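Labels run A, B, C, D and E following the written order; every chain starts at residue 1.
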Amino acid sequence: MTENLHLLLPEFLLASLALVVLGVDLFLPAGRKHLLAWLSVAGLAGLLALALTMLWGKDISLYGGLMKTDAYSLLFKAFFYVLGGVVILASVDFVKKHFRSPGEFYAIVLFAVLGMSVMAGSVELLTAYIALELMSFSFYIMVAYGRNNPKSNEAGIKYILIGAFSSAILLYGVSLLYGAVGVTRYDEIAAALTTAMANADSFSPTLWVGLALVLVGLGFKVAAVPFHMWAPDTYEGAPLPVTAFLSVGSKVAAFALLLRLFGEAFMPTIDQWQLLVAVLAAITMILGNVVAIAQRNMKRLLAYSSVGHVGFMLLGIAALSHIGAESLILYMVGYAVTSMAVFTALIAFFNVTGRDDVADLGGLADSHPFLAAAMAIGLFSLSGLPFFAGFTIKFYLFTAAATQGLLWLSGIAMLSSLISLYYYLMVVRQMYIEPAPAWAMEEAEDEEETAYDEPAARGKPSKLIVTVLAALTLGVIFVGIYPFPLLEAIKAATGALLGAS
Amino acid sequence: MADFKSIALLLTILLPAGAGTLLVFMPRNATMAIKSLAALAGALTLALTIVIFAMYDYGEGGYQFVNAWRWLDEPLNIDFSLGIDGISAPMVLLTGIVMFAGVLVSWNVAPRSKDFFVLFMFLVAGVFGVFVVRDLFFLFFFYELAVLPMFPLIGIWGSSTNFGNFLRTKEYGAMKLTLYLVAGSVLVWIGIIALYVAASDFLGDGATAQAGFSLELLETLGEDGAFSRNFQLLFFPFFMVGFGVLAGLWPFHTWSPDGHVAAPTAVSMVHAGVLMKLGAYGIIRVGMTLLPEGAEAWMPVLIGLGTVNVMYGAISALSQKDLKYVVGYSSVSHMGLVLMGIATLHPLGLGGAVLQMFSHGIMTALFFAVVGIIYEKTHTRDITVLGGLSKRMGLTVAFFAVAGLTSLGLPGLSGFVAEVLIFMGAFQEYWYLAVLGVVGAAITAVYILRLLARAFFGPMDERWNHLSDGGRIEMGAAAMLVFILIFVGVWPMPLMDVINSGVAELLSRFPGV
Amino acid sequence: MPTMEWAWLIPALSFIAFPIIAIFGRFLPGKGSFLAILAIAAGFVLFLFVAFDRIDQGATGLDVFTQKWFQAGSATLTWGIIVDPLTVVMLGLVTFVALMVQVYSIGYMKGDPRYGWYFALHSLFAASMLALVLADNFLLLYVAWELVGVCSYLLIGFWYERQSAAEAAKKAFVTTRLADAALLVGILLLFREVGTFSMTETFHQAELLMAGDESLLSSGTALAAALLLFVGAMGKSAQIPFHVWLPDAMEGPTPVSALIHAATMVVAGVFLVARTFTLFEAAPDALLVVAIIGLATTLLTATMALAATDLKRILAYSTVSHLGLMMLSLGAFGYTAAIFHLMAHGFSKALLFLGAGSVMHGADQTDIRKMGGLAKVMPLTSFTFAIGALSLAGIPIFAGFWSKDEILLAVLEHRHWLFLAFTLLAVFLSALYMARAYFIAFRGELKEENRGAHEAPTSMALPMALLAVLAVGFGFIALEWGGGFEGIGSFLFFDKAHGFEFNVFLAVGSLVLAIGAVYLAWASYLKGKPYLSTLKSMTTPFPALAERGYFFDHVYQWTIDRVVLAFSAVIALFDRVVVNDTGVDGPANSVKRSSFNLRRHVTGRVYNYALVMVLGALGLGIAWWAMVAGG
Amino acid sequence: MTWFFFFLMSAMALGGGIGVVAARNVVHSALFLLLSLLAVAGLYVLLLTEFLALVQIFIYGGAIIIVLLFAIMLTRSREFPRITDNAQWPLAAVAALMFFGLLTFAFLVNRPEATERSRVAFTDLGRSLFTDWALPFEVASLVLLIALVGAIVIARDDRRRG
Amino acid sequence: MIDLAFFQIVSAALFSIGLYGVLARRSAVLVLMSIELMLNAVNLNLIASAAFLDPSRFTGLIIAIFVITVAAAEVGLALAIVLRIFRNRATVNLDEIDLMKG
């Protein structure tokens, strides 16, 4: 049982790191709280190094098959550590400015990261569920973190109520599943399903309804239509860094869980659910991208666009196979880098202006050329234009889907990404073509050193966030033009998931 | 020299792209340095393309300057493989010329000249990419990369025009152009993926060879029968229409006049001059090379639509009041000729089509350059307002006239050779369509001559008394284009030898022809 | 045949002269005019060599030299020249008249701001015209054909600041272009059938067809090709209904009218038919069409000439009329006669135009009603004009007389007698209007405002004199001289020798008509006899119609404005409203609208979200179950 | 006997549940909830899992209900006696019924052969909980921890902090 | 002897009732209570299944314990947020908590 406990060292250390942050927070004067951010980032970096050195090439299942440390979980562990670091760095200025209790915030981010990495690693329903809840709780708190911001409160209550509701549904699905097959470990479930498929007389509806409810619960986490309606409100109400973390972290984690669950447990019955997931994917990508057109608030727009991207990722689930899984993971990475870039740019903009409507971006290209360029690159990448990550990952994903006989779905996906191009371009147009909005001009008048007709020099974003943004932008281009090394790692992960092809 | 040959094509992409990247890091207000750097890059690229074209050995034919780097391993097997044949070589040369002219013409573009040149350079890099790669993935990659900068280029530096009964804002033009072209590329994308899937299905699992996106691979697989007749019949239209959108194929052409009206001069030049050729080139390179059977079956449709293009564009141009609309619709009409030539599947017609791509590229670039100069001077493109300009802007008008005479197929200018070849080819199969094409060319004469008479000749309006010809640099660029038009018109041999080799290669894939 | 190979130099020289003058002209003395003149003069000299060489060779045979131009697919396109009697004759006409006119222009165009450009264009024109004459294949012929067209366009619009000039130039080019489309189609058709542009090969096939042997040409295609080529010819030679551009073309400088629109370019059509005569012989019906068109043209335009009052327009109409005559003669198998008349008319009409030019230059008048008695102030001009007029009127020993009789003869021999009757009428009319023009302009008493008029300077007078000599003496070329030259007739008519014939009855008949016409004009315009007015009143409404040009222009203008432009406007509107705003923007807007409608589904109420979730869950569960139960 | 007990408990549970969702007064709902929870605990006893029944009574009956009541007191506002159902309750009823139908049908269609129930010893339960399931247990403890932290951070009153 | 199906149906009924409560109630607190009902239904189902089908490994019981734990935590956190909202907006009425929509 406990012979290879040390393989969980990163998790334990991460938990203790979070506790340390909580503790140190008590002794730090209010002014120095940002040190906690550096502490957390340093810790994450150390953990990343440790995990990579210690777990490289391991493929072992722990605790009687509750968890696995294999290439797959390692890949996502690393991914989440890096993501957490980026989120913390990107939010330092924001936290300093808007949050009353920063220490707890960083700690909760770390807990969320822990939950995510366990989600990716767990191969058993209960463990996965608990990890999921750990992550969800962290997000409930973070979303409601803007304590005196009514929108933040509202987002929090909506998120936690719907979240609890959906986890109840998920649990009922689990219970039905358990009632039908009597086991909760993925491999055992797979075996049971294979036998169930083998002899049709032992056909048990509870099993399928259970699977459906599980899919609903996870569909809520990834905000797939029709379980998506919380997303725009929550994204808009949540503090910006949290929105970023939510739209990237929770989605990727949920997909990591989903991919593992479907790949290792539900694979035998792919013929039954492939079409369902495909249809879900179709309506998700279409609805998300279409409704995004009507949005006027950046966060909301990005929320809908992320719904659209979830549709694309579901495409990868529907096309579950070696190439499908590879393309899905690649897509998640590319999407994460890109939308973190966009969100970081938005955070930087928010830090200097305190606004996040599309209209407020007017004249950004003149006042903050770098922010504008970075955001434009990110948006182009999201819309799948080449030279950036978006193009490559979409090409890979759609090709993969086509090889699994879903060419029609790929076609729909391309069309909806065409639709998405429209609203992304509207934002780009706002930044590059439209003049600065009225309030900016007024600011300009106030500052006498800036010429009257120039848009306001609305302060400059901090060096830190600009550096992070630059790094992310480079990442976007890198994934776009040289995904080769990334794909090697992903292939290993897929091999661990579905067995070597 | 071999090593040069192996990297020459890579350089065509890297020179502009590198220049663009370099420009990113230059201070925004060092406009002179920025312009000089851009011009330098343009000149180098032009020289490079000339050298490449000259070094292409048409006697040998086939793909030359070949080189390849593995980009992704299985399952996708994508290579960054380069090479040009007799069809892409002239296109590369064309791109080099138009790009250089474009840089010169936009010499005093403002504001944000830095951003302009950065985007322009990447646009050109994308165009080169499409012409020199031999892998469907990268062909598509560069194809979209070439579309991407269009939006900001038009949106920022374009011009909105109010035509009384309707308004065309630059935002509208930019948005429509971008969305429309990407919409077309969606069809192409589906087609490409379908090709890959068909190939991998054909090979099956565990086969020694693996499917991929490289053109040669797919060609050989196609010869082995990877693409069934029905598959070809089903998917050729995807390429025909998808690329056709960019080629201005009727009725998918409307982005072109509006886009050109909105676009700044240099962008119109590169766009009408080169990007529209990408479409025709794509049909040839992807559709016809990989799906000959489908192509053969669909060609009657294509030539029919092409003829519609010719007539429709010419007739619409007749009643336009805006210089750029006239030129835009004439582009639609002339691309119709290209499509007709392609669809003849006859060595004469195809050769003429490729030559027409080249000739029209230069010609329309010249058109837009001159229109740009005129617009810069008079701040209007309204034919009814202009008048008698030639009294003050004699040379400019002369250049415009040369472009016009080229477009109406005057012998001694490149347009004539191309058109006659196309008609010769079309006459073999579809003599009635060829007749229509000739009539269309005649109509071209009508609107060009009306335009000249109304806008440039006749008594001059007092307001234009202060005008004079364009600046040295712009006029120099225009003069270069004029020279090329005449040169090709008088002595098309060097171009045609190369084109013939490419066309012969292509047509060898058509058993029926 | 060494010198014949050098025939290609004749156009080449002028062709080289063009860019030099165009680009460096302004740096050269005399704006480079001397270059143009040198080039064409050298061309003339070369022509003489070629001509005598040709004569030594004897009338038979036809020599071809070709050079590869470029290769396209399997087809090789070539440059090349034919030197046969027809070519030689045309070379002579073109080089000589061009030389004369250019010399004349030195004086006429003096002080024009675009003096150099003028001569550059003249060189280009000469080069293209000569190339047209020499061309050995249809493609090259078409190239030259278009180039002379564009030269005429540029020269008509030379004074483009004048709205009328710009319009006239446009009209001329557009009209001929439309006809050229037919020509191009014809050429393409021949290429498709014969597989080459080579004329010799084409004619060979035509001969095979005539001989009833195995030929690539079917009689149907031969007919179609012949007619299409003829339409092209009609455009250039201003045959009805394409004649409308020529009178307006008089907007150009007068020397240009003399050279291009009287002597050389406009006869290109006649030349084309002559050049491809074999093809026409293979399709006799085509020749009938040619005859009919020719006859109609010559009659109608003659009446218009009678009605016109602008000196140059009179000449222009008479040109058209005589071109019609030539076409008629061709249509009546009068090959020799046609070319012969082409030459005679070329010299005479050039002379007349130069005279008119000298009048405009000296008295700066174009309306004959404002002239009168000019003979007193500009005797030389008056004298030479008279010679030209007499020649066209067909008075013996003048050039026009001989060729006209040949034409009458041909018509008599090969066509219905009605043709002959109408032809004689045309002869009468042409004599009448020439006499009218001369008497009104130069005879009678001198008007007050024209006292200041002066005679032309030498540079203008000299060419007039030389041309006058030709106008008088050229006719005798018809007669047989020794030295291998048995008269132009047999010289022209390749191997089927067809010497000069003289039919006394026709000659006398036409002579009577001509003299009668001249007397009629003399009597009515100088002696004030009412003959003509009565004639007019007898023939109403023809005079009125003729003054309005039989409403050709009005009909065309109406068609362009009301049909063509309207149609184009409709298409343009369709393109914007239907194709663009509906077909393109429509879907886009509907997506946008649906977006704004769909966004309302997120109500902001949590329990709605939950409800949708539950419905989704129900749907999913049932669907899943159904999937399993189903499959 | 057991049958009677079963039906009684089920009736109480369901009745309590209906009370929760139907009561006009929030406090009543809370009390109905307590009733229903206790009944469910009774059902646990029927299933021979007394330990779970105890946990149920302690945690729910002890903790959660109290917290809920506190919350109700703290948020007791003008909105009482007003109508406490929202506009979509009929739809909600339909959906709930359909859900019930689906589940019941599923349960009735497949009848796995049930083995005889056997009592699970506390010791076995504890052992397996702390050996086999130690990992989830750890994670669950973290969940509780951050729930605590979060509750403090969010509910803490800023005015009393410096 | 009582069949498994009875317990399952009871749990299904309880779950549906809770579901109805979530969908139909206006007060956030009541919604929370309904969620608790649903979780109890889950537990009942789990325990029943464990007791009938899996007495040897009784995974269901374990899951149930965790569910109860998480439920408790959830209620605590949710109520904290509810209190915060009540302090800011003086209502816990879900109809009025719709600043953000569309």
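Structure notes:
Here is the rule we go by: contacts are C-beta pairs under 8 Å (C-beta built on N, C-alpha and C of every residue); 3 or more make two chains touch, one makes a residue touch a chain.
Everything numeric here is computed off the predicted structure, so don't read it as measured data.
Contact with chain C and chain E alike is made by A, D.
No other pair of chains shares as many C-beta contacts as D-E. Remark: the per-chain Cα centre closest to the mean position of all protein Cα atoms belongs to B. The centroid of the Cα atoms in chain A and the matching centroid in chain C are 77 Å apart. Centre-to-centre separation between chain A and chain B, using Cα means, comes to 41 Å. Centroid to centroid, with C-alpha atoms defining each point, chain B and chain D lie 70 Å apart. Separation between the centroids of chain C and chain D, computed from CA atoms only, is 103 Å. In chain B, the residues that reach two or more other chains under the touch definition are 179. Residue positions 588, 599, 602, 604-608, 610-611, 614-615, 617, 621, 625 of chain C each touch two or more of the other chains.
Residues of chain D in contact with two or more other chains: 86, 88, 91-92, 95, 99, 102-103, 106-107, 112, 132-133, 136, 140, 143, 147, 150, 154. Checking each pair of chains for touch leaves A-B, A-C, A-D, A-E, B-C, C-D, C-E, D-E.
Against chain C, the residues of chain A that register as touching in their complex are 157-158, 161-162, 165-166, 169, 203, 205, 208-209, 211-213, 215-216, 219-220, 226-227, 229-230, 232-233, 269, 271-273, 275-276, 280, 287, 290-295, 419, 422.
Taken together, the chain E residues at the contact with chain C in this complex read 19, 22-26, 31, 94-95, 97-102. Of all the residues in chain D, the ones that touch chain C in their complex are 86, 88, 91-92, 95, 98-99, 102, 106. If you check the complex, the residues on chain A that touch chain E are 125-126, 129-130, 133, 137, 140-141, 144, 147-148, 150-151, 153-158, 160-161, 164-165, 167-169, 171-172, 174-176, 178-179, 182-184, 232-233, 236-237, 294-295, 300.
The touching residues of chain A, counted against chain D in their complex, run 1, 8, 15, 22, 62-64, 66-67, 100-101, 104, 107-108, 111, 114-115, 118, 126-127, 130-131, 133-134, 137-138, 140-141, 144-145, 147-148, 156, 176, 179-180, 203-207, 209.
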